[in-house]
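The structure appears below as structure tokens.
Per-chain residue numbering starts at 1, and chain names A, B, C, D, E and F are given in the order in which the chains are listed.
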Amino acid sequence: MVKAVFPGSFDPLTFGHLDVISRSALLFDQVIVAVGINTSKTAMFTTEEKITLISNNTKNLKNVSVLPMPDLTFKFVSSVGADVIVRGIRNVRDYEYERDIAEINHRLGNVDTVLLPSKAVYQDISSSNLKEVAKFGADISHFVPENVIKLIKLKTK
Amino acid sequence: MVKAVFPGSFDPLTFGHLDVISRSALLFDQVIVAVGINTSKTAMFTTEEKITLISNNTKNLKNVSVLPMPDLTFKFVSSVGADVIVRGIRNVRDYEYERDIAEINHRLGNVDTVLLPSKAVYQDISSSNLKEVAKFGADISHFVPENVIKLIKLKTK
Amino acid sequence: MVKAVFPGSFDPLTFGHLDVISRSALLFDQVIVAVGINTSKTAMFTTEEKITLISNNTKNLKNVSVLPMPDLTFKFVSSVGADVIVRGIRNVRDYEYERDIAEINHRLGNVDTVLLPSKAVYQDISSSNLKEVAKFGADISHFVPENVIKLIKLKTK
Amino acid sequence: MVKAVFPGSFDPLTFGHLDVISRSALLFDQVIVAVGINTSKTAMFTTEEKITLISNNTKNLKNVSVLPMPDLTFKFVSSVGADVIVRGIRNVRDYEYERDIAEINHRLGNVDTVLLPSKAVYQDISSSNLKEVAKFGADISHFVPENVIKLIKLKTK
Amino acid sequence: MVKAVFPGSFDPLTFGHLDVISRSALLFDQVIVAVGINTSKTAMFTTEEKITLISNNTKNLKNVSVLPMPDLTFKFVSSVGADVIVRGIRNVRDYEYERDIAEINHRLGNVDTVLLPSKAVYQDISSSNLKEVAKFGADISHFVPENVIKLIKLKTK
Amino acid sequence: MVKAVFPGSFDPLTFGHLDVISRSALLFDQVIVAVGINTSKTAMFTTEEKITLISNNTKNLKNVSVLPMPDLTFKFVSSVGADVIVRGIRNVRDYEYERDIAEINHRLGNVDTVLLPSKAVYQDISSSNLKEVAKFGADISHFVPENVIKLIKLKTK
């Protein structure tokens, strides 16, 4: 039984995230989407909103659950008895960032990390790109699912 | 039950490869190390020698087996009923190469790829680096296990 | 007749920008320098100051005009009936950023992007580098034209 | 009137190349696809075969022509009175290579280069990837048009 | 006699910095660790605290001294009669940043820069990573020496 | 007294190499340019020709000497009692290659490596670029000094 944790800020949930979640659900027995309380950047969504959005978009994936992550990833992984961290990478910048975080999590928590290369079709999705597009009221349907669009529109009125 | 395939030329097997194999063995129910018959580059070891070296160095990993891979990876994956391809990445160059191969394998064989970021201690291991060091008779014990060293010495006498 | 838009924050105009503008002016029938109202970063110059600086430094280029860009690039491109977006790239970081923005602009506005590789002599010019140098009163004449130097000195007195 | 040259080895022509050609045809008055006689690598196709394949796949583009390029790019550009070189880039490796070639062509031939970022869907297309897939008889229809597939099959029988 | 300056914000001093300092001390007759008054980012440590921490951790290196750097690096280098700037690089992002800063320092101050590639074991050390780990009270002994740990604990109580 | 070794294949000597040599000569008491007998690639120049070309172009640098390097770099460094290896880097590809070689030389020979970032003006110089330009008889005076041009012309007649 292999339990994976997919940590992130999910501010907001995107199709890129959903692709990593659905792919992980096929590879591991259990997948916990861990919503980090992002300390440095001001978040657009509350942790509760994020959890609701992720849950509603993963109902079909029976082995996927969503939890808030109030601590460092490796501590959370140990607290839920998980075996591996999963992250997606879209470009060189992501790769170099995840390389170091994987080394730190292995050293501090003796937990491994697998990286899922983004599908080409999702590689341009980033929360900063989509928030800029949303701010000007343009079409973000390539970036995020319907219920996220609705909530963004409410927040950017 | 998740079966993974770790394809490569393994010319020769290195500690970097062994790290990917042992990590994969913890993440997936079965791991098949698939020794590709590398078409373009002249190999230093025969396919049989490679398979023997890998088998002898993974005896402790009960869920790991080694097979020759005479075909494209996605065809081999389908032929052995595997679910995912595993590859290791040491730097940006590896990442960009694996990104495209993952996209091709997904399109042609509908099979996913997970990338294991190399541990920092193994990132400088490459078959070209180690062959250059070996050619001048220097110490390659950081790069490869003992039985590989012996066979390299025989071949570079 | 091919009309190009060169969008940016131009905070301030640099020789790197002017190189992209003059090169574009040779390649396209019309070039509109579109001064974005940069939402996230606090700008050093007002939009009006930027437009004046760009206009005064491109008087010799008859097919170049300057406009404020209050909206997303692809919407602006459509509003002025332009055919292509032009951007300069100085390094890998720029390339990866522009790659995704080009994909988004093509998907949302069906408009193409051409990238002009920076000349080596200009690749170290960035608004953050030059503002740091200017703040300490050092020579910024490699970075920006004379009238920009004057205005920066006024602002950093 | 702006005339562009798109130089390459086109061994063989791919959908990535065709995307660059059709995009260039919209941006410049004339586009010459210049088939380089690639000195270092052994080519799979003759120059004549390449020219025929490119011509047959660009019949709909009235402002596109195809010529053999027996010399360095900047000399060819000057010999046909062209104004700019167009190249496609798929990743960081391509970017860094093209950056230097653009600098050399500008210094030696005073000719500029524009880079077209590959669309995400084509970024995994490379002649080495597609030749490897073709060699094993797998589906290369994502990589190359029909007439190229036919010729490859003849050559790899 | 060759005098080197190792400039940085040292917020805080890390084992990566200490590795660069000790390596520089072997290569150059004198090494001045120049503590920059970092203008843009809010610092966790005062300049005095930084200087004390660096001094206490380099007592064994007789040719190393520590000074505050209130100005641009190239001006400081000239003011102390130094000959070269030393910087460490951990990844591609660092390399591209240092490449441009080296070009600017050479142009403005006619001073050269040498880059020390980080040892693999230290490449994941960054002030942002360690501050995030420290904030959650986890073990930062891989990142920083003992006296820095103590001061961080005081500051993050 | 600090003795540096600048190893390379120098096939042929370029202005990029000469820039690294002259900069090293200012930083270290002695600089040995070590001409490697490049095992994998077919060299255009003999080792003797290379040594003559380098010597003739560094006569003004009293602390620079040139030696053939028949062995691995770290063994050569030890054999001449040197303290550090110097290498130049022009781009990301160079950086990632040198990062690993520096780690190997440090592990096998306990010798450090300093990297000199190429000046922007020289970053496009590579032996493959210049040989391609030379083969077609174009101007290579930006790449290599006069005596190298003469010898190349002789060899490519």
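One rule holds for everything that comes next: contacts are C-beta pairs under 8 Å (C-beta built on N, C-alpha and C of every residue); 3 or more make two chains touch, one makes a residue touch a chain.
For clarity, every value in this text was computed on a predicted model and none was experimentally measured.
Novice: Taking a step as a move to a touching chain, how many steps at least join chain A to chain E?
Specialist: Tracing touching chains, the least step count from chain A to chain E comes to 1.
Novice: Minimal path length between chain B and chain C through chains that touch?
Specialist: Between chain B and chain C, the shortest chain-hopping route counts 2.
Novice: Would you mind working out whether chain A and chain B touch using mostly the same residue numbers, over half shared, or mostly different ones?
Specialist: Same: when the shared numbers are divided by all numbers used, the fraction is over half.
Novice: Between chain A and chain F, what is the gap in Å from one C-alpha centre to the other?
Specialist: Between these chains, centre-to-centre, one finds 47 Å.
Novice: Taking each chain's centre as the mean position of its Cα atoms, how many Å separate chain B from chain D?
Specialist: 34
Novice: Of all residues in chain D, which are in touch with two or more distinct other chains?
Specialist: In chain D, residues 92-93, 96, 99, 103, 120, 123-124 touch at least two other chains, as defined above.
Novice: Can you name every pair of chains that touch?
Specialist: Per the contact definition above, the touching pairs are A-B, A-C, A-D, A-E, B-D, B-E, B-F, C-D, C-E, C-F, D-F, E-F.
Novice: Which residues of chain E touch chain B in the complex?
Specialist: 92, 120-121, 123-124
Novice: Per the contact definition, I'd like the list of chain A residues that touch chain E in the complex.
Specialist: 39-40, 71-72, 74-75, 92-93, 96, 99-101, 103-104, 107-108
Novice: Once bound in the complex, which stretches of chain C touch chain D?
Specialist: 2, 23, 26-28, 83-84, 89, 92, 95-96, 98-99, 102-103, 106, 112-117, 119-120
Novice: Write out the stretch or stretches of chain D touching chain B in their complex.
Specialist: 90-93, 123-124, 126, 129, 132-133, 135-136, 138-139, 142
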